[in-house]
Structures are given as structure tokens and as C-alpha cells.
């Protein structure tokens, strides 16, 4: 009985007892979720446009951030490093299209998936080779990002919001809005959606698939860079971040592989869910459950709704 | 000229149903076994045996397990390392609870425990497919790895949090622990791997293997042949996890000697996946090719600068290994998406036609 | 042959996907030993009907009796074990396997040796394998596909794939064989071959056949009885001659087509 | 193709040959392999240590022509902190007869411990690895000076008690948070903490951080906020440490009460900016470059471009840790030369050298390390030394010593070590009894 009390009652008593901590937990989960959502977003973009399950999205995040910080450490001014990093993401998109996608077009999905595995290794090796393997500090101030925190003495306690986290949320929202506008109102954006709906149809209206791929990988690269800056500011920039980026995968399960709103909502659910789980239920089993909670949540969810939150129901035809 | 089945007529279906119907293949297999059982232990240095062959064979065994799942049944798994871990921890528990029992018995038994755990995590495979299943298996990976670290009973509450392999001997010869010579350990691994490869080969060439492949190629049609999807998929999970479990037990008991939960981390799962894909999906031979490439290539890359008399920093070599591995994966996928096993077949086909290419 | 023992009885079956009604209160039966054709324009619910018969779809209303037994919801593999085999409109072969292996999967239900013997592949398991290989070889001979025995089916031309698929269904020794457009996309010669196989199967093995086909000429020649569907409704049922002269059929289908 | 197979075999054979052919060239040198990790998730800590170890030995070669006139053949092997690669490194260096190995990973150490006595290669796991291996009677081939993790914990607690104004009894009723890497190393102090908690009546709160989640600690620190421990103790490594310090700053945890075992570097603290001031760690050696030994490294190695270390790294905590590690290596070899009278010593000799290791104040002065670290003496029974350490405080840019030398609680540590060492030997029925003779008379 006691164990049931600990599982089903006690955590809620704690939540009610210290609402400031609950709010803080939700906020931390929200910020983590925003970052997961951004990684998932880059993934969804690529999956929609080229049908590639891009395992390397997480590594692209680290690679982009590492390029930025690495250049900065080599004495390049922050603004220039940012521009150069964006440029390198563009080159990467070009290279991926030319070297990986083009020769592998029409191969089964799993081959392209594996190719992005190869890309992952390549980027890790290359990134560490050029910039060294030691963790690097994100030049937050030089990039014009805020430091410090906003403290609110409310709810009988303290809720402390890091300015960098607020910035992350704002930038993420701006980015999502920007992407939405881009898709709705530009020629390229419409072309991208056309490709997502039907490759053949897109070809027949005279859009080069190759160009689309470059653009989409580049866009995903920029999203990766933004994510990398935000996460790098929270801890350090190193390839240890790669494991965290795997958390974007359960987000995708929740949100579906092709849904942008799904990626965002899924990210928030996973982010908040795992923080609540770790904070209120984790101590029951000795803590550290955050490493798997997201996956188990996603798995449980899958069993009931295999197509994801916003995915279309798949009717099997024979 | 030399590799040709012309003139080899089969007079019975039994001969035609054999796994190696062509005589030259059988000779080749005999030669490889001869090299593996005689030449390598006789001529190979300790490094070759302990750091190249033993890991290679163990990884190949795990890759065969994964190949049964991915290559034969079409179920992608990213949790192989965790199932290896289950085998390793099960073997540790069993062998410390009952130290007097023959260690080989426990290594095989731990395969069955991994098998049971694998079936549990295979249950969702009926409802979810493809990449979704791949991500779902990550739940097994992270959850099991957490258990290895958190459930003290599993590692006998050792203060180090690791499992340490006690010495065990077989017919008076030490097979685990420090006093086991590399050659002994090599023979133990080799015998198990050869036997289990033979069994896997029997399975995939018979009814069960055909059922798996039917599920892989067209699950709807498979059902119409009377194949029940859940049992077929669960059997694939079970057999696959059994192989992973035995490989995991061997990894700790014969190869590493001690292990922390991190030994079974996600990177190992990924490496095994590479081996299967690069080697060739749905090919047992490919599992060996893949394991050889992924395990041995970095060793060669690391040894190359020394051998060439270049002085390159060890870190640089490591970075280059990553770059080269990554580039090779992409290269192989482009050149031959069906893996090294297919290259091998094409090679054989060429040889069959040689010296007249048409 | 009509008027013989009823093998399969479909009574008032209705099937809907969401709001779309695919089959609406259709009843008909198949007698043992006959060749029964189901025809109708595209979207008439023919394939859905076959899917209902072998358990892929579960009708919302109506009953189906096979061998005189009325069944509740049935899984496809249960249909298979009761002796219903099937080919598909778009070939559904196991593309990564050889012709022989494809046909051998048809024997899956007949093979009894357990995991243990399968692992050894000696003694009983091998004997069983050889025994079934012999049976499959007979089918291969019958369908005249000896030359592609060891070829991966993914590489075969369409006509041959259809033949292999028929072979795979035959390997199950079915009581009822459902053929979904077995001649779609074939040239005249291939159609003649296929027709010959169908008649032979029916006559030599005594297999009852339900057939969907668009080539009315073939249907009229082959079948004993024909059921005509349109928009999920049954509009006619009878011998080829009866159907040919049915005004509703002429309006709905034949009149338009010819 | 058959030829392909042959080619593959030939390749393997060549590698195996080259691997075993190399040592022939280095007959009159002493081979010291250094297992390092400049890559992987822990590279942040690993690079400085690797540089320090490497540079000190290179300096001896450049300045003195080696040890006792014999050149030291140094070879780095990259482990990436991965046990499998570490074992591969071990097998790769084994044919070249290393006089000792420095695994620099608890996981690799655990795998190598049983091999040491068989291969006659001593293991020097400096302040990491298996704590119980301090017991020389059971682990004649394993050395872990100058302190075990249990010693470390006891010294941290002693310091906390002193801050509270007295002896260990002052800990009563205090709440101590323990944030640790959820792997072997971080978990090792748990039984010790449990014991002390009973003895002194304080309360511990555990905050494990999974290796995969090192950079994602928000939940742990929220727990800290809720539990409000009086002190926080950290056993971290790699990216865990900077992230933890940042999170601590974020929740406004009083940094003066945040203490760590000896692994954080300056870089780890700097990331958190001003807020990290006051953060404290244990240490047993200096964290500056103002010593003759460092000057010599600068002059003979760094200035000649033979060091991989950037200038700013020389003299930092972990660089100096590497230097100290290499000093122990060198002194063990020198002692071995003295005991055996041989110039070119082997693993067996160096094991004796390590057991006879006695670096006193005078010797430290000779080494140019006066004030760099305290003296250390190992014996056949004690392979650790259990040396006192001090607390250093981060002042915003560097660490400054802020306490006197603190002695570990030997009476608490010793019984646990003994029990643990015994348990280790018992769990391994074939564990060899010590047969190695002892040089130093007690």
C-alpha cells in the first residue's frame, strides 16, 4: 500500500506543497523540450522533403556549434564565425546532396538511413580533427545572447528563469514562425511542400529535386546551428551532446515523422514529461530515470497510437 | 575456370537442398575452418588472437543475431547491445551463484535469459513497424542499461559497480580469468561461433527462415500462407536475442574480463548495425564480413602510421578512424547497397565465367 | 457442377471503411469443384469481397460459412489453415527469395518439424524438407517454371511472377483458391497459358476456384457461374449465359465496355 | 573472390607482424605506454592529463637522456575512455614489454587487474580504479596512490566538519548531497557514505547522473533545490563537471559549500563565469606553473615544439596531475634501477620499484617539485599511501589552496578496504595468493 501511496499520491502532494518548484520543473522541461523539438524539427524537414530518416541531425547540431565555437576560439570574431558556420552548413548540404543523396536516390529507405549513420561518423571525426576534442565554451556574450536570470518571488518561493533559456524559447518560436511563413509564402517553400506531397508532381512542374534537397538540408543545418548554440550555452559544446540529441527520436515517435506541429508538441511533451518524471518519481527508484523515460513514454504511446499525434492513420491496402 | 559447377550433377533433392551445393564452396569452407582452427592458433601472435580474432568472432556472433532480426525478418533493432548486456549479467549472476557448474553451460543458459527479455521487448513489433520499431528498441537499450547500473543484485553489490569475471576452467584448462591463454579462449569462442553459425544457417535455410523472409518481404502475403506474424516475429526476436546474449556473455567472460554497464552502450548497438548493413542484410557470411570490416579496419588504420614510420598523434589517428569509417559506410552503400556479401557473390559469378566474361 | 455441395456461403455481407460502403448486403455461394467468377467495374468491391473471404477485412454485417461452418471474426492465417489460398492483383511475392523458396513457403502449414529439428536440419527435418521439395517440384513442373527455380523472384518478368504466385498458392493444396485478376497485364499468349493452368488446377486437383477477372471473354469461357457486382451491390448471379443476357449487367458493365 | 580473402588475411597478418616487430628496434630503452583519451565524451578531462604525462617523460628524455641513462620509449594509445579500445591498446603494447600501464579509466583498470599478475605488468591507476587495490597483499601488481576515492570522501567530510567548527561530530543532523557519475567510479563511495552516515548521524541525498545525460542535469539540480542540502559533494568526470557547476550557479546554490573530488579543471569552472567563484575541490599538488620542473618542461619540451599542449594549459590542475603521474612512473623506474642494479628494467622490477617508492621532501626538491606536492611512500602492504590532501578554491580564474593538509580517516577507510579486497579475492576462487617477495623491510 505504501508503495502505491508513494507512486500515486505523494508526488502530487509534493507538487501542491511547493508550487514554485512545480513551476520551475515545468519551465526546465519546457526549455529542454524546445531544444528536443528543434532537433526533431530539422529531422522532419528532411524527412518530408527527401524521405530520408536523417540520423545525423543530432550530429549536425554539434558540428554546427563546434564550427562556430572552434572558429571563435581561433580568433575569428563571433559575428563572422556565425556567418562562416552558416556557410559551412551550406557547403555541408551541397556535399550531402552531391555525395550521398544523388548516388543513393531510389535506394530503399534503410540504405539512406545507414548513409546518414556514415555521415554521423564522418562529421564526428572531421569536427574533432579540425577543432580538437576538448569541450568548448559557447561565447554567449559575444553572440549577443543574454546572461543571468530573471527571478520571480512568487508562489511562496522562487521561480528563476535563465535569460538564455528565455532567448532559446523566443528564438525557437521565431524560427518555427519563420519556417511556416517560408513554406506558405515563398516559391521555394511551396515547391518544398509539393515535393513532400508528390515527387513526380513536383518534377513535372519543373522543380529540380536536387536543389530542393540542398535547400532543405541547409535549412535543417541552420536549425541545427541554432539548437547547437542554445544547448551549447547551457552546458558545453562537445560530441558528448550527441547522446542527448538522440532524445529527438522519441519526440518523433510522438509527433510523427512528417508533422512540424507534431515535432513541437512532441518535444514539449517529452521535455516536460521526463523532467516531471525524474523530479517527482525518479527518487523512488534511485534517480537517473531520465535516460530512458522518454523512450518508454514514446513506446507506451506507440502501442496505443502507432501513427503518432498528428500523423495520418495508415490504412493498409492490398 | 576453377570455380564452376559444370559437371557437378545432383542426383537427389537432398544434395540440391544442401547449404553449399557447389563443391568449390565446400572446399573453401573447409579451408577457412582449417585456417581458423589450425593456422591462426599456430602462427598468429597474441595480439592477432586476443585483440583481433576473439573480438571479431564475438562481434560476428552478435551481428548474426541482429541479422536474423533485421536482415531476415525485416525488424530494425537499435537495442542489440542491451541484449548482449542481459546475457553478460545473467551469466555473471549464474556463475557466481553456482560457481561449480561448467561455465559453458551458463554462457548458453544466459542466452536463454536474453531470449526471454528479447521476447518481451519484441512484443510491440506486431503493432509498430520500420523506423518506429527502431526507436522503440531504443527504449530497451536505455532501460536495460540503466538496470545494469541500478539494480545492485545484478552486479552482486560490488563497490566498483562492475562485474568481474572469476576464473573458470573446463577439463582442467582455464577458459576465463587471467590465466586462460588467448589460444584457449580463442578456441572456446571459435567452437561456439562455428556451432551457432551452423545452427543459424540451418534455421534460415529451412521452414523457419523462409517464414521470416516471407514476413520481411510481404507480411500480408505471409499471413495468407498461414504464417502467424506475432509468433514469427517473436521467434526472430528470441533467436536474435539468444545470439546477442551468448555474444554478450562471451564478450565479458572471454574478451573483456570485467565490464561496466557502459560496455553495452548505444554505440555498440550502432556498430553492430553497421556490421550487418555493410556486410549484407540477410546474409550470414555478410555478418562476418561486416564484423571484420568494422572491427579490423580501425585496428589497421591505427597501426598504419606506425608501420609506415609516420608519427601521428594517437588522437589524430582516432579522428581519422572515424572519418574513414564514416566515409567507407557511405562508399559501400553507394557502390554496393546489398553489402559485402553481394560483392562476394558478384566476385564468384565473375570467377565462374572467367576467363570468358560472357 | 453447380448445384453441388456448397463450399462457401456468403450471406448478406456489408463492409464499410469509415463512411464509404465497399460492399452492401451481398449474398452468393460457391459450390465445391466449380470455377466461380466475380466481375464488375472498377471499384465494385470485388477485391474487398476476396479480402472478406480470407479474413483481411471483417464485415460489419452478414455471415460467411465455409465447409458449412459459420465463422466469427477470422484471421488470415486461420483462413489459410482451413484451406483458402489466394493470389493478388498486384503480385505479392516474397521478392528477396527464390522461386523455389516462395513456393516452399506455401508448404509452411504442412511442415511439422519443430525448432529443435530445424536447428539441426538433419534427420526428420531434412526428410520433411525433401518430401516437400518433391511436392513443389511437381508444381514447378506443372507450371513449367523449372528454368527459374533458383532465380530471385524480384528479377523475373511480370508474367512469370504471376505464375510463381499461382504456384505458391497451389503449394498450400487449397480447397478454395482465390485468384485476383490472374491475367492482368498479360499478353494473349500468357493469358492462354494461365487459362490452361486454371482449368487444369480445377480439373486435376479438384480445387474450387473463385476468380476476379476483367477479360470478359476469358471469364465466360472459364467459369461455371458468375456473380456481378456494381458499387458494392450484387446485380446478377448465374451461369455465363444467364449473366450475358441479364439486362442490368448489360447496362452496367457489358454495355459500357463493349 | 578467394583472392580477396587471402588479401584480408595477409592484411591481418601484416598488422599482427608490425605490431610485434616494433620493439626489436628499442632494445635499450624502457617502454612506457600511456593510455590516453583525447577523443570521446571525456576528452575534456583527458587531453590535459595526456599532455602532462607525455611532457614530463619527454622532458626527462630531453634533459637527462632518460632515466639512469636509459631513454624512455613513450607511446600513446588512444582509448577514448572505452574499455574495449583500452584492452586493444593493452594487447597492442604487450609484445613490447611495457614496464607498467596507466589505464586512466576505471573500466579499463578493472579489466586489466586480473591480467597484471599473469603478464607481469604492474598497473598504476593514480587515484582512480579499484579502491581495494590499495591492499598490496592481495593486489601485488596494482597501485593506486596517493589516495582512494574513499580517502577523498573522508577528507571532504572532514573539511565540511571543520567548516562547521569542529570534528566529525559536527556533521550530525547535516544534509549532504552527493552528485555523481552513475558509473563504477561515482558509485564506489556509496557504501562508504552509508557507513559514515551511520557513524556520524548525517543524512545523504543522492543525485546520480547517467553517462548519457551528463549535459542534461536540470532535474538533478531541481532536486537539490527541493532538498536544500547543507553541502554538495561531486564525483564527476568529463562534461558532467562543467554542467553541474553551471546548474549549481543557476539555482543559486552557495558555491562555497559545493565541493568536489579532485577531477574538475579550471575550464570546468570557468564556463559558469563569475558565479563559480568559491567552488572547491580536493587536490594534492599545485595548480600553477611556478616550479622548476614546469620550467624545465617549458624549456626542453614546449619551447622546442615537442608538446601538444597549448601554452595556457601548462601548469593547470589536470596538466600538473599528468606531470605528477609521470613523476611517479619515473621515480618507480629509478627505484627499480636502484634495487636491481639493472639499467633496463622490466615490469617485474618496476613492480618492486613501486613498492619501494619513497619520494620524500628532499627528493621532491631535487626533482624541482619543492612544494609541488607532499612526500609519498609506498610499501608492500600499502599500495596507496593515503596521503593528506588540501582544499582548493576557485577564485574566478584559477584554483587557490585554502586549507591545510587534511589527513584521511584511515580508521574508517582501512576496514572497508580490507573487507572489499577480501571479497574481491573470494569472488574469484582462482585469485592467486601473493607470492612476490618484498624488498623493503618493514
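Letters are used for the chains, namely A, B, C and D, taken in the order the chains are written, and counting of residues starts over at 1 for each.
The rule is short, and it goes like this: a contact is a pair of C-beta atoms (placed from the backbone, for glycine too) under 8 Å apart; a residue touches a chain by one contact, two chains touch by 3 or more.
This structure is a prediction, so every number in the text was calculated from the model and none was measured.
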Measuring centre to centre, with centres taken as mean CA positions, what chain is farthest from chain A?
C
Which pairing of chains gives the most C-beta pairs in contact?
B-D
Determine the chain that sits nearest the middle of the structure, using the mean of its CA atoms as its centre.
B
Averaged over CA atoms, how far is the centre of chain B from the centre of chain C? Could you give it in whole Å?
41
So, in whole Å, the Cα centroid of chain A is separated from that of chain B by 33
Whole-Å separation of chain centres (CA-atom averages), chain A against chain D
36
Chain A and chain C: spacing of chain centres that average the CA atoms, whole Å:
49
Residues of chain B that touch at least two other chains are 142, 146, 149-150, 220, 266, 315, 319
Counting only residues that touch at least 2 other chains, which ones in chain C make the list?
56, 88, 92
Where in chain D do residues touch two or more of the other chains?
38-39, 47, 182, 210, 212
Taking the touch rule as given, give the residues of chain B at its contact with chain A in the complex, in rising order.
76, 124, 127-128, 130-132, 135-136, 138-139, 141-143, 145-146, 149-150, 220, 266, 270, 273-274, 277, 281, 315-316, 319-330, 333-334, 337
Please give the residue numbers of chain B that touch chain D in the complex, ascending.
3, 28, 32, 35, 44-48, 50-52, 55, 96, 99, 142, 146, 149-150, 156, 158-162, 164-167, 169, 174, 177-179, 255-263, 265-266, 292, 296, 299-300, 302-303, 306-307, 313-315, 317-319, 344, 347-348, 350-351
For the complex, which residues does chain B have touching chain C?
12-14, 16-17, 199, 202-203, 205-208, 210-211, 213-214, 216-218, 220-228, 235, 282
Of chain D, residues touching chain B in the complex
1-2, 4-5, 8-9, 11-20, 22, 36, 38-39, 47, 76-78, 80, 83-84, 87-88, 91-92, 94-95, 106-107, 110-111, 113-119, 130-132, 182-184, 187-188, 190-191, 210-212, 308, 420, 424, 427-431
So, in the complex, the side of chain C touching chain B is made of residues 54, 56, 75-77, 79-81, 85-86, 88, 92-97, 101, 104-109, 111, 113, 115, 118-121, 125-126, 129-130, 133-134, 137, 168, 172
